[in-house]
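Lettered A, B, C and D in written order, each chain numbered from 1.
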Amino acid sequence: MLIVMKADATDHQIEAVVRVIEELGYKPHPMPGATRTAIGITGNQGSVDPSHFETLPGVAEAIRVSKPYKLITRDLRPEKTTVRVGDAAIGGDELAIIAGPCAIESRNQGFAVAEAVRRSGARFFRGGAFKPRTSPYAFQGLGEEGLRILAEIREAYGLKIVTEALDEAGVDLVERYADIIQIGARSMQNFSLLRRVGRSPLPVLLKRGLSATLDEWLLAAEYIMAEGNYRVVLCERGIRTFAQHTRNTLDLAAIPAVRRISHLPVIVDPSHGTGKNFMVTPLARAGVAVGADGLIVEVHDQPDHALSDGAQALTLEQYEQLVSEVRAIHEVIAPAAVT
Amino acid sequence: MLIVMKADATDHQIEAVVRVIEELGYKPHPMPGATRTAIGITGNQGSVDPSHFETLPGVAEAIRVSKPYKLITRDLRPEKTTVRVGDAAIGGDELAIIAGPCAIESRNQGFAVAEAVRRSGARFFRGGAFKPRTSPYAFQGLGEEGLRILAEIREAYGLKIVTEALDEAGVDLVERYADIIQIGARSMQNFSLLRRVGRSPLPVLLKRGLSATLDEWLLAAEYIMAEGNYRVVLCERGIRTFAQHTRNTLDLAAIPAVRRISHLPVIVDPSHGTGKNFMVTPLARAGVAVGADGLIVEVHDQPDHALSDGAQALTLEQYEQLVSEVRAIHEVIAPAAVT
Amino acid sequence: MLIVMKADATDHQIEAVVRVIEELGYKPHPMPGATRTAIGITGNQGSVDPSHFETLPGVAEAIRVSKPYKLITRDLRPEKTTVRVGDAAIGGDELAIIAGPCAIESRNQGFAVAEAVRRSGARFFRGGAFKPRTSPYAFQGLGEEGLRILAEIREAYGLKIVTEALDEAGVDLVERYADIIQIGARSMQNFSLLRRVGRSPLPVLLKRGLSATLDEWLLAAEYIMAEGNYRVVLCERGIRTFAQHTRNTLDLAAIPAVRRISHLPVIVDPSHGTGKNFMVTPLARAGVAVGADGLIVEVHDQPDHALSDGAQALTLEQYEQLVSEVRAIHEVIAPAAVT
Amino acid sequence: MLIVMKADATDHQIEAVVRVIEELGYKPHPMPGATRTAIGITGNQGSVDPSHFETLPGVAEAIRVSKPYKLITRDLRPEKTTVRVGDAAIGGDELAIIAGPCAIESRNQGFAVAEAVRRSGARFFRGGAFKPRTSPYAFQGLGEEGLRILAEIREAYGLKIVTEALDEAGVDLVERYADIIQIGARSMQNFSLLRRVGRSPLPVLLKRGLSATLDEWLLAAEYIMAEGNYRVVLCERGIRTFAQHTRNTLDLAAIPAVRRISHLPVIVDPSHGTGKNFMVTPLARAGVAVGADGLIVEVHDQPDHALSDGAQALTLEQYEQLVSEVRAIHEVIAPAAVT
């Protein structure tokens, strides 16, 4: 914490701030400048609440310096984490590809897509059984029935299943049928849910919230890890901005930003990140080129008839093309992106 | 839904779109223009999914026209709703004031603030027992112990209690002790929670999410009402923007925007909406002047020692001053704001 | 400037940073903490460029502490500035009202609106002769012909004329015919233009840019003042956010934020700030209630036939009603807003 | 234009809207629906102003359908434009690389960087002589002296010179010394300047404004082309969002979005787009992978001593590495990105 005093702060006011810092058990470091005095604070464990200072007379600003996360940091664990799921992995040398429909709609649809996903060499299958929908009148997913289809797909194709849980009861079910629990963007700060999956034996795919800062996203991961579950995969899926040519603005700079601070693997969702079919492949290429550990992509055997998010789903052919393009890029940049 | 064809769309492509519309059971209305053709769709119940059309050959854009909400609209109920809580009300002629600390920290603190809230003539007391905190290491509230203190305050001062629930177990507890269940900004799209409070006998105070559009916010209210609970109060509490001089950007235009569409009462939170002590009173005045049905304000007997959000809490004296200022404005504008 | 070292920074790296600070002629203040060291910098005139430090080994972050503006600050001039224009003023006790059409379209239109503006007791008339239009094919204003009509209106009604200049040639013309030069939102960082009006004898109305931070806006005013023109009026007119229910999001918290730092008067534009006729009056009330020194409002005698921005222009009757409502609020809050 | 009537609009109100449409010389297409009527408008040349309708009784919304640009569209010119500059080009098969320092600071600095740029095989050199700086007290560039150094660099290394003009006088100078005129983000809606460069014999590099929508950006290009200069290169350089881990949020989805509508070439600026040295290379890779026609990158021989934007400039070694990485990606994706 750094306390910046106003230009006209009196010596008396500066001393008062110093005294408050000492009373809180910290060490003050006054630095008189040409026009104003700043006072550094050290000796704190964890972060200091700026509100102790902001309203004291003569104080212009209280600037937070240290970051409130620990477990997610490279300070704690310098080498990158690889999240292993059976014989598959996210965060290792291989590019992780998670593909499948937005929502599981039927056994036929699930198997048709899974067939293509398996053929592409991807190791992970996605499909929603519980769908968070903006409108209460929209299709909300097949529920446990959808999970059962997913489990069959795992059986049939050896794909690892990634699926979303919306609440604690949903986590119980997902744990029974799937391999990775997805926490969606709208749930990124559902702290009860984060704590629950923090006690799960399954890895967690944590999507960034629509308006989450980097710190908020990393702290959501910290919630999960603080409960003991260290197998967290971050997923950039676009943020909300003024731009209207996409559903969200895919913030690919988040990938190197996460890398610099955290040892956790991070992947990109070009489907929700754009919301437009024709943008998915170019942004998937960009996501791999920027250094992501993987992709999560929506694929549908009949996008025009999809019950949710059809506009962004790739056809099976488009998906196949995407995989071949991103693999080519991954080969070329692999050594560069490691850092 | 309006389908806009590309300038170079062929007659054949236009006919194909018309056919798809008919197959879906709707009525197409082709409108040939100078440079391009548009095709209107009517005959639909509920909204049409644009994804049925966006990928068809020759289609430039599919524009959604009808809105997906019903129960919240003035189309359904032209007169404004007043949410009654015993002998108090939100949405009536009187300005509703909800005041209290961010978090209940102790019996002493709660009573000291409640005393001042009661004296000001406000009818509602707010205080958090379960706090959604960005960091897992921050103070998370007193839990049921906090709720018990709130119930004592209700007993002692006759104030109606407003407090947040973070999950379904929390709703069970809040129903036992409080008068209004608050759904916080981070939970605005926690659809399981919305459905749960939709089945509660208590009214719900629904805060707008940090990045919620007007439609998403109104649809969150629709989720609650679709379960049968019609006593919903909306609360504008600031949105996330690039601006850094406040914690959030208070979007006061949301008040007339809600009014035009919905019969539900809407209040303003100038405390979270700014995050700065010195801005709370000016923005509270603005909130009343713009026509809000009430305010929710953070007050603390010792803001410098608050365990959460101290920087924005008013002192008891500042709060008293705020109440007198906003009452004066409410008297002056009351007839104007009714519309 | 505060340099925050990484947790694993070596003593050697810390010394290297200290040495760079000394070489630049500043004074370093190392503060060893429990987990990491921070180094304060004093002795600088003006702000220090963080890029001197951000790429040095062991540095985690360089945090800017002092602000780069001087002339606009209350540090320099504690009392509020009143910008006088003949016998009228902005920033004094009286609420300043600037009203008129978006664009001057004809002598008849100008006079019809001016008549009503005069009758309302407002002292300032606005009307665009040069219109910055997003499309090259949209009506761009009457140019000098429009300025001549404005000058006639000044003659006929004794109103002070506020009109926009888009470039240096335009400033020459506006200086000949008008009383206040408006710098529009899109020109807020047109630095050549700012310097030009900084050398003008006329006061300047400086609108906030669509995506301007508080600091950028204040620095734009600093550009004007640095050239010698101290008569600057700031104008909040809405910022660009994700919200779609308004054309812009009116950021009323900017008013107290400006007040706290600057002695310059600040007004609100509820017309561009919302873009919707039915929101103008509520937001005008809010602008006055928050403590603005005045309003700038679009009025048209026939909004349905306006050549630009008709959707947000008030009719003459609506304008009259607005004036009476905001006057009532101004009377009530005047003493409160002074601070 | 599509007019959506309110659910309770009367037949009389619908007829009134139809009449207004006819009076304006357009053709109305009423479409009665289950709950409300919509009225399509055709027969217009150019776009219809929604304000003619928004305030009519019974109207809920007026939705703009057709886009206001022409010259930039693929409707007009289906094949991609290649902007040729002597023997170099942007928009052709080869990846265009524009590199150099943010500002020309001295002859030595310019030549040191140009040497490396030439060695890398890039064909374009960038360097600012006129710098738009947020603060009036920051380094504003060497002016004509800087342009002279740039002209010497052209002579010595055969590089094409790209440099920014801030105003019309600046364009006169830049035309004398350089090969491409850059219009910076802050000038994207400086319409006088756009018209001036629209009459220039030099090609224009048009950066996207910090808060520009896709349409606003394309209309800025339309301003230039409407004056007769068809050699426009678009440049995505990041937009302003809430995210704080970068200086701007690089919106790479803008590349496929532009491609779909316009024939103009589009490049990416990963330096301003991130503002952080360590992110430039990953985002440059992503920009090429997404399908951009080129990159503009800041390089400095001594970034720690740069007079502006040092934090984001690459060292000569980092730049060399970047070029080899993006070339590898360009080779791999070239056929894919063509579409």
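By definition in this document, contacts are C-beta pairs under 8 Å (C-beta built on N, C-alpha and C of every residue); 3 or more make two chains touch, one makes a residue touch a chain.
Owing to the predicted nature of the structure, the values given are computational and were not obtained by experimental measurement.
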Centroid-based (C-alpha) most distant chain relative to chain B: D
Comparison of A-B and A-C (more C-beta pairs in contact): A-B
Centre-of-Cα separation between chain B and chain A, whole angstrom: 26
Approximate Å spacing (C-alpha centroids) for the pair chain B, chain C: 30
Distance between the centres, which are taken as Cα means, of chain C and chain A, whole angstrom: 38
Numbers and ranges of chain D residues touching at least 2 other chains: 211, 240-242
Interface residues, chain C side, partner chain D - complex: 46-47, 49-52, 54-56, 68-69, 132-138, 166-170, 186-187, 189-193, 209-211, 215-216, 219, 222-223, 226, 240, 276-277, 303-306, 309-313
For the chain D and chain A complex, residues of the former touching the latter: 211, 213-214, 239, 241-246, 249-257, 260, 273-274, 278-279, 281-283, 285-291, 321, 325, 328-329, 332-333, 336-337
Complex contact set, residues of chain B against chain D: 2, 4, 6-8, 29, 31-36, 38, 40, 42-45, 63, 65-66, 75, 240-242
